[in-house]
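Consider the two complexes below, in which chain A is the common component and chain B and chain C are the respective partners.
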Partner chain A sequence: MNAFALIRTLAGIAVAGFILLPVASVLISAGGASPEVLLSYEVVAAVKLSLLTATLSTLLIVIIGTPVAYHLARSDSALRRFLEVALNLPMVLPPAVAGIALLAAFGREGILGRYLASIGIALPFTTTAVVIAQTFVALPLYVRSARAGFASVSRTFEGASYTLGASEFTTFLRVSLPLAKSAVLAGVIMSWARAMGEFGATIMFAGNFVGRTQTMPLAVYSALQVSMDKALVLAALLILISFIILFTFEIIPKRRYADA
Partner chain B sequence: MLEVYIIKRFPSFELNVQLKLGREVLALLGENGSGKSTTLKVIAGLVTPDEGYVRIGNTLAFHSELGINLPPQRRSIGFVFQELALFPHLNVYENIAFGLKVRGYSKAKVNEEVEAIMHTLGLAELRFHMPSELSGGQKQRVALARALVVKPKLLLMDEPFSALDQRTKQEVREEVRNILETFSIPAIIVTHDYEDAAILADRICVLSNGRIENSEPAGAPELFEVVST
Partner chain C sequence: MRFLSVLLLAALTAGCTSGGDGITIFAAASLTEAFQELAQEFEAQYGIKVELNFAGSNTLRVQIEQGAYADVFASANEEHIQALLRQGYVDESIAFAKNRLVIVVPESNPAGIESVEDLRGDVKLVIANEAVPAGRYAREALYNLEALYGEGFAEEVLSRVVSLEDSVKGVLSKVAMGEADAGFVYATDALAARGKVEVIELPSEAGVEPSYYVGVLSHSKNEEAAREFINFLFSPRGKEILRKHGFEVGQ
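Showing the complex of A and B:
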């Protein structure tokens, strides 16, 4: 074995160990925690809230993100460039900044929030705020993936569909979407995972109230100050969920249709 | 049947085509980049010209001055693409049924029409095959069946044999000729191959640098000179 190959092998082992050791440590330590911790009110509430909010925000993301992704893949309008920049922003912003930005917009004194408050709608520190924060940070991930999927569908298929009498919408549903399916599904999973893990924007904009806005990542942070056991159990649950997500992502058929 | 006068400007090229089609098969013959495929797409409504008009039967499909521009869905044209563009996620039956289903026909009606055309074109055995499992000639027949089953007024075929090897090509060309006869539908076939044109078409138009150079009954020997120079 030459020196370079040795370095590569050692680096590989180091990286795997560096990532797997802390993860394994959480799982091992959490295994020692008492079962009551797992069923404690805070833990159960956090798991329920996380699953609910991440699923709701992913639904919202798919509903508003899919037409946007298709538009980005197909249009050359000025709107496209503008959207491009707007969509990249949440990905480079630190989550805490995203949280402040959401407060500045939708907070009680916010640019839009003060009008919402005047008609009796208060968003901050509600479960709705959690969904908004998750949507804000996870939307770009979905749009990027779905957009790449739509862009890879040859326009000739759409042209063929039009000449056969299908409207643009029917063509989208029956041709473009099925052909972009794996990228769209990948986007769904990535944005759901991002929403599950959201911390910074949520704690700033939605606060940290058990059962209302305390999602699993927030609960880990809170639990750490009281009981290491509880924090470990929550962390272990998040790791398991992440693992299931990654595994699902792996087994989605990455079907590439042969040019037909 | 069809009357076309169109101008479409590109940065380094101008397409300026005038042609009339009766109840016949016309071959549009030309080199790569002569504008033949674009002409077909303009007729089908997939590309919008800058000026001119397109009349299909009694329907004015495009008229720049009158501001008429029917979408492809409303032009009643069957289009067979160079890549064939069979939907890769649908099987043979579903591909052929596509145009009927989107018209909202009943299941029974769709089934009846699809079965009939599959029978005529010898595709019945292949109904559950995916496009990727078909030979070049079979794909061509499915593409034709899909285009013809909705009973278009006019059939357009863009380089129908370019993806086939020489041996298959002769066989498929013969099939296409029989199909065109069976359905007796007016058609324009775009090709760069004089032999295709001579075998399939009643009349040949030569397109060169975006303009129709020559229009003669098929088989005129001097045409070959025009193309090869």
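Showing the complex of A and C:
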């Protein structure tokens, strides 16, 4: 083995160990916790709420994100570039900043929130607020992936569809979407996973209440202040769910994107 | 390559400061403003560097139990320092100050709350979670008040809770931002946020007397300096600072 191959092997072992050790440690330590913890009210409520809210926000993301992703892939205006940068912002914002931003906009005294409050709608501390927080941070992941998928669809196919008399919408549904399918699906999975893991914006904007706004990450955080056992069990559950999601993502057949 | 390893080593050791010349203090969130000033003054007087870590006393306790390094622990109730005492993490538990539990409402008081009884109505109430001293005192107070307002009062008020915060400062900020209609905090927190929140006192029947306890950690590498700090808390200047921030201290 030459020196370079040795370095690669050692680095590979180091990286794998660095990621796997903490993850495995959680699973091993959680194995020692009593099984009743798994069925405790808080844990069950957190799992249910997380699955519900992450699914709702992913649905919302697909509904509002798909047209935007398609538009971004097809238009080439200056506005598009600006929109693209703005859309990516939530991905790099620190969680606390995302939380403050949501409060400043939708809080009871927020720019928009104060008008909502005047007609009796208060978003903070509600399950809706959880969905909003998750949508805010996960939307960019979906749009990025779907946009790349649509961009890789050759316009020749769409052109052919138009020539045969199909409308723009039919063409989108029957030609563009099926051809971009794997990228769109990848976006769905990534945004769902991101929504499941959302923490900072949720705890700031939606608060922390069992059954209403306490999702799994918040429950891990709250449990950590009381008992390590419960925190470990919840953390292990989250790791397992995330692993399954990422594994599904891996086995989706991939297309190569020429100009992603 | 050598440069890289030096850099890495430096980064690794930077994370493990303390023990040498300074002291690390873990203090209850409600002590934030007072301890910041105390630390500043102590540093100036004794030339000992102080690092502060504020969180709910329960969080600090778990951190210590999980092996976090600290020289001094200041808890907002007796329970958490006693637990550490039993397990041998601290050597003593010395009471050094008292506080008062109050209700705060946003300056604009959107729910029109005048007394603790109004918390029965349609309000968005925020309290600290049960493990946090401020959260425990709030529940205790509500149950004690059943003598005044009848059985079921506490449950009724607790059903208005929309968020359980991880420290008393979390409660304060939700109220100060106007997102919550009311919250249970200490008088000292209300003082720190004056202008943003209004205080509503609890009837004496609430019967809670929040007390603060301090102790030196058994594994402290700088016990002498840690003791100096605790002595400083009891010095005239130390008491003066605590009093200035609204704490009650002995003469």
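Keep in mind that, in the parts below, the second predicted complex is superposed on the first by the 252 of 260 C-alpha atoms of A that agree within 3 Å, B and C clash if a C-alpha of one lies under 4 Å from a C-alpha of the other, contacts with A are read in each partner's own complex, and residues count from 1 in each chain.
As a convention for this text, a contact is a pair of C-beta atoms (placed from the backbone, for glycine too) under 8 Å apart; a residue touches a chain by one contact, two chains touch by 3 or more.
Just so it is clear, the model here is predicted, and its values are computed rather than measured.
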Partner chain in contact with A:S154 - chain B first, chain C second, else both or neither: first
First (chain B), second (chain C), both or neither touched by A:V131: neither
Partner chain(s) touched by A:L164 [first = chain B, second = chain C, both, neither]: first
First (chain B), second (chain C), both or neither touched by A:G207: second
Chain B versus chain C as contact partner of A:A46, first or second or both or neither: neither
Which superposed partner A:A146 touches (first chain B, second chain C, both, neither): neither
Chain A-facing residues of chain C, complex: 56, 58-59, 62, 66, 110, 124, 126, 129, 131-132, 161-166, 174, 177-180
In the complex with chain C, residue positions of chain A that touch it: 103, 107-109, 122, 124-125, 207-210, 212-213, 221-222, 224-226, 228
Touch list for chain A against partner chain B, complex: 154, 156-157, 159-167, 170, 174-175, 178-179, 257-260
Parts of chain B lying in touch with chain A, wherever the complex brings them together: 41, 44-46, 71-73, 75, 77-79, 81, 83-89, 98-99, 102-103, 130-132, 134, 139, 146-147, 150
